[in-house]
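I'd like to ask you about the structure that follows.
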Amino acid sequence: NTSDTLKKIKDSGAVTMGVRESSGALSFTLGDGKFAGYHVEVCDKVLRVVQKQLGLTQLTVRYQPVTSQNRIPLVQNGNVDIECGSTTNNATRQKDVAFAVTTFVEEVRIAVKANSGITSINQLNGKTVATTTGTTSVQTLRRHERANGVDFKEILGKDHADSFLLLESGRADAFVMDSQILAGAIAKSKKPSDFKIVGETLSVEPIAIVFRKDDPAFKKAVDDAIVGLMKSGELAKMYDKWFVQPIPPTQTSLNLPASVATKAAWASPNDKPMEDYAKK
Amino acid sequence: MNLDFGFVTAEYLTVFVLKGLGFSLLLTLVAMVGGIALGTVLALMRLSKQPVLSWPAAGYVNLMRSVPLVMVILWFFLLLPSGVYQQIGGQWADDNKVAISAFITFTCFEAAYYSEIIRAGIQSVPQGQSQAGAALGMRPSQTMRLVVLPQAFRNMLPVLLTQTIILFQDTSLVYAIGASDLLHAFDYARTNLGRSIEGNLLAAAVYFAICFSLSLAVRQLQKRIQVIR
Amino acid sequence: MIEIDNVSKWYGSFQVLTDCSTTIQQGEVVVVCGPSGSGKSTLIKTVNALEPIQQGDIRVAGQSITAKGTNLPQLRAKVGMVFQNFELFPHLSVTENLTLAQTNVLGRNPTDATARGLKMLDRVGLLAHKDKFPGQLSGGQQQRVAIARALSMDPIAMLFDEPTSALDPEMVGEVLDVMVQLAQEGMTMMCVTHEMGFARKVSHRVIFMDAGRIVEDCPKDDFFGRPDARSPRAREFLSKILAH
Amino acid sequence: MIEIDNVSKWYGSFQVLTDCSTTIQQGEVVVVCGPSGSGKSTLIKTVNALEPIQQGDIRVAGQSITAKGTNLPQLRAKVGMVFQNFELFPHLSVTENLTLAQTNVLGRNPTDATARGLKMLDRVGLLAHKDKFPGQLSGGQQQRVAIARALSMDPIAMLFDEPTSALDPEMVGEVLDVMVQLAQEGMTMMCVTHEMGFARKVSHRVIFMDAGRIVEDCPKDDFFGRPDARSPRAREFLSKILAH
Amino acid sequence: MSADWWQSQRELWCKDTVELTVIEGCMGKAPGVQTYLDMLLSAWGWTVAVAGIGMAVALVVGSLVGVARTTPMRGLVLLGDAWTELFRNVPLIVQLFLWFFVVPEFVPLLKQAPSVALAGVGLGFFTSARISEQVRAGIQSIPKGQWHAGLAIGLSLPQTYRHVLLPVAFRVVIPPLTSECMNVVKNSAVAFAVSVAELTLIAKQVGEETSQHTAVYAVVTLLYFVTAFSVYLLASGIAKAVQVPGVAGGGGR
């Protein structure tokens, strides 16, 4: 059976971890094949547990950088065993892959220039709004337009850095994105005080670790390990390390304490998709 | 515009720029050697009078030339199942999937471009030359190997190298499968260090310096070849 | 030695050669002439099967070029050929030009091949140029090297396709001198040329072609000496070519 | 008509022409000959300033080609030139080749230009081919069209650079015939050619060049009739070229 | 293709991008309603627009620069050489970034310029460097005798270019220019980097929203192929139309 990941790991003594080059503090590269971030550390911890469980003296962890386009296919075709990036758990994806229990709940918000006077999405009618190609925020924005009858000029950046540059250079009046991405971009900018995150939460998205579907043994192993981290309070400490303390490579801090929703996910571990959050 | 190049440290240069440059050069080299070899085969197939050889070659070349390279890179990486790497080079290949996929993709893609250049090069050798070879009793394969190809390659060397400079720039597209090439080093400044403009200015300068030197070298070579002729 | 037997050839639907027949004896020198496009080059190239024929047959030293079992490369190696544009290999030095086919086709060892090649180079008076590249030689010199290259293969017959027509007038003489000497030594030769002086001096027979047919095939004395016995087309050609 | 006065020319550090001087009178026909690379083409091209000179001066109908104010295109339009490789414009029909410069340089209206062009085409015997493209004509025909093109501009003199050396031998005659006729009608002509028959028949003077210098410049009767008065280089050249 | 396949494509492309329900007729009719097919077609339009501007700029500028580099004027040659080296030795994606984010800092007017125009012009300049090489080679492949013939009948240098050299040179360079124009179509994919909502950008977005990256990329790859191949067919038609009788390959000798 191809989807017996535990057996595969045991046989080969190696596991391939899908990581992201630049997903804010969740998963990012330090260069030279090294990766770091909240989810990378969570996965590292989880894999140590798995190693112990399998009785392996040694476990080689290979990093495979993935992009939002290829992460799902790569997990499906076996090139990646466990993806530790910033993948939103939603119903469509659940058809293709499996998610671990939610470790982080993302809130989509708005970054603007501090002196712009904008404080809410409703002030953006007729303005240019930047967001990043290949993210769910584009959909969120579109929904908002339809629901509230407002009209944004959307402009899609190639990646978060470009989207932020659109805001910085004045080509866009706002940047709508996951708040941890916004916080990271602002923290790394030359003058963080020029920007601020404002307005209501536009959408709430559970972010989780991904692996192959129909592999209950592996899912159980991963989930148990994570739940262990939640229960022991270790996960909260790790969160603090990445989202509140200064982090590499720039040694700036995001100043983003755990949200109510994130804490709730830790309190009652679950792998519910995004759609279930919206219903509330 | 206030610029801040503070991120350009010795560590940044070695870990990112040199490593990336190394990969870009390696990929260029592999794709050049492999592409020219495969391109020669394709060119010979295309010039063959046998439709069973010329048609598939023409189809392959036209297909590759009509699809963006990024798409080809994505397709090769997605469609090559993980088991294949084990077949190619065992553990080592498994550890270097991205690089191997890039090597294979670029070789196959560039072969289409090289084959067009090589075809033109072969056609630039006057027919009298192959007739002279045949008249001396050489078999067609000997004539091709000893008479036509050496001249063809000499004639097209500058064009082949110019295509290789383009190839070097194209290696930046491996970002699509998460490989770390030279451009990635500057992209890192953009995406992870918050220095977009500086990163791109640096990229422009470094690429220009490298490619311009190469193109000067090619021009020098071209002059030398013209003298021999 | 060379028997051309009712040969016809087509390029697609266009007939280039129509029922051409002639025989060249050992030691005979035959000049082929005729207007441009009349099929002279094509005919001479059919002799060593550089151009395939669709009808008729050609035998060289008794061996048919159309027979199934014939080893064409081997047969070609026995027949030397000299081209209008020399066709030396520009990427090889003079010596390498002379030895390439000897080593690769006849399987001679490099020492023997070089010895043989240089002997022939000396014969055409160019030994001093053995290390040069073709591009560094004048046209006349290149053509003499081309003759030496063909002779290095110890051919039983030589074919010439307008060997002097790409040369500066001053250099025509030096190439013709070499050809005259070859003829006088008894080489079997078939030469496409418009050098009527050469034809008069050393040829035994002249073939005149027009529109793919052999219109005249007669001893040279008849060809030049009895114009009234010639066809109108041949007479017209001769008068044009000898006029200026 | 054409005064060439102490002309020297260099390609980089290589001197192609050294102190060349001669004068061509109205109605005079001068043949220039000499070995390959001796500078014949270069010299003739300096006359209409296609090749710039670094020293000396050339005057055409009294007008200096080196003087600041000279309108070179206008001057060139007055001097017809015929090239070895014809140089018809391959993308234009025969008629368009004939009228292009008339309309664009002389400002003639298309009707006049066509009339004049076709008259000249008729003169070289090719009126029937007026709508063809150059690629569809034989070499001899192309060269005759090239002459007609030059004549359509009503030139005061004509320059020829080896007009027959790229032609099949059979076609040389038809081009020479046109040139002979031109000469006999009194056109001023400067011809680089190795057709000694033509030189004997219609030229007034022969210039012999070697290594960028004018070595001989004498009436044709002297050139051909008194070999002992010639320089050794010219004698050698003549003997080589007339030998075969 | 099987009925299943069509059904799955319908479910992918005919969905409303907000409600995610399949719409009758596959395209949004009510104002503000948009299906993924609508998005795809509009993206194809942007791709064609960027490629079209790119080709126009590349052909015009590339030809001018190529011609300049063959003239006897030293200054023009140097300028042309500099242009060519500058634009061909920096990766396209970096050039577009500079046009979009850096140059406007110095030429504020460009901040108002739409992304499509910037991307098209940037792509055009990049390609013009390559075209200038081909045009130059094409002109230089014309025998020197043709220049001389043009000048000798009294044409001025510009007239010689106009009537003698360029008509032949362009026929000679049609095949490599065709290749370059196909490259423009393919390279237009890079325009997504400067926020033009063309095929590559939309592929990324739709793939993300529908989680059907493979199916989306297949369709987008096909659209690129069709676009590039149309350019090829068009160019072949032009080549045939301008072919001169009696000249092999449509020009030169």
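Lettered A, B, C, D and E in written order, each chain numbered from 1.
To be clear about the criterion, a contact is a pair of C-beta atoms (placed from the backbone, for glycine too) under 8 Å apart; a residue touches a chain by one contact, two chains touch by 3 or more.
By chain, with names taken from UniProt: B = Glutamate/aspartate import permease protein GltK; C, D = Amino acid ABC transporter ATP-binding protein; E = Amino acid ABC transporter permease.
Since we're looking at a predicted model, the values are computed, not measured.
> Starting from the defined contact criterion, work out which chains touch chain C and chain D both, please.
none
> Let me spell it out: compute each chain's centre from its C-alpha atoms, then which one is farthest from chain C's centre?
So the farthest one, by centre of C-alpha atoms, is A.
> By CA centroid distance, what chain is farthest from chain D?
Comparing chain centres, A lies farthest from chain D.
> Between chain B and chain C, what is the gap in Å from one C-alpha centre to the other?
46
> Any idea how many Å lie between the Cα centroids of chain B and chain D?
Spacing between the chain centres: roughly 51 Å.
> Roughly how far is chain D from chain E, going centre to centre by Cα mean, in whole Å?
Centres of chain D and chain E (C-alpha means) sit 47 Å apart.
> Residues of chain B that touch two or more other chains: which are they?
74, 78, 196-197
> Scan chain E for residues touching two or more other chains and write them down.
Within chain E, residues 101, 214, 217 contact more than one other chain.
> Would you please write down the residue numbers of chain A that are in contact with two or more other chains?
69-70, 73, 162, 165 - these are the residues of chain A that touch more than one other chain.
> Between which chains does touch occur?
By the stated definition, chains touch in these pairs: A-B, A-E, B-C, B-E, C-D, D-E.
> Chain A touches which residues of chain E in the complex?
Residues of chain E touching chain A: 17-18, 32, 101, 104, 111, 115, 192-195, 197, 201, 204-205, 207-211, 213-214, 217.
> Under the definition above, what is the set of chain D residues touching chain C in their complex?
35-36, 138, 165, 168-173, 176, 194-195, 197-198, 237, 240-241, 243-244
> What part of chain B is in contact with chain A in the complex they form?
2, 4, 12, 15-16, 19, 74, 77-78, 81-83, 94-95, 97-98, 176-180, 188, 190-194, 196-197
> Over in the complex, which chain C residues touch chain B? Could you list them?
45, 48, 50, 73-81, 83, 85, 87-91, 100-101, 104-106, 133, 135, 149-150, 153
> In their complex, what parts of chain A are in touch with chain B?
Listed in rising order, the residues are 14, 21-22, 28-29, 31-32, 62, 64-67, 69-70, 73-74, 77-79, 159-162, 164-165, 185, 188-190, 249-250.
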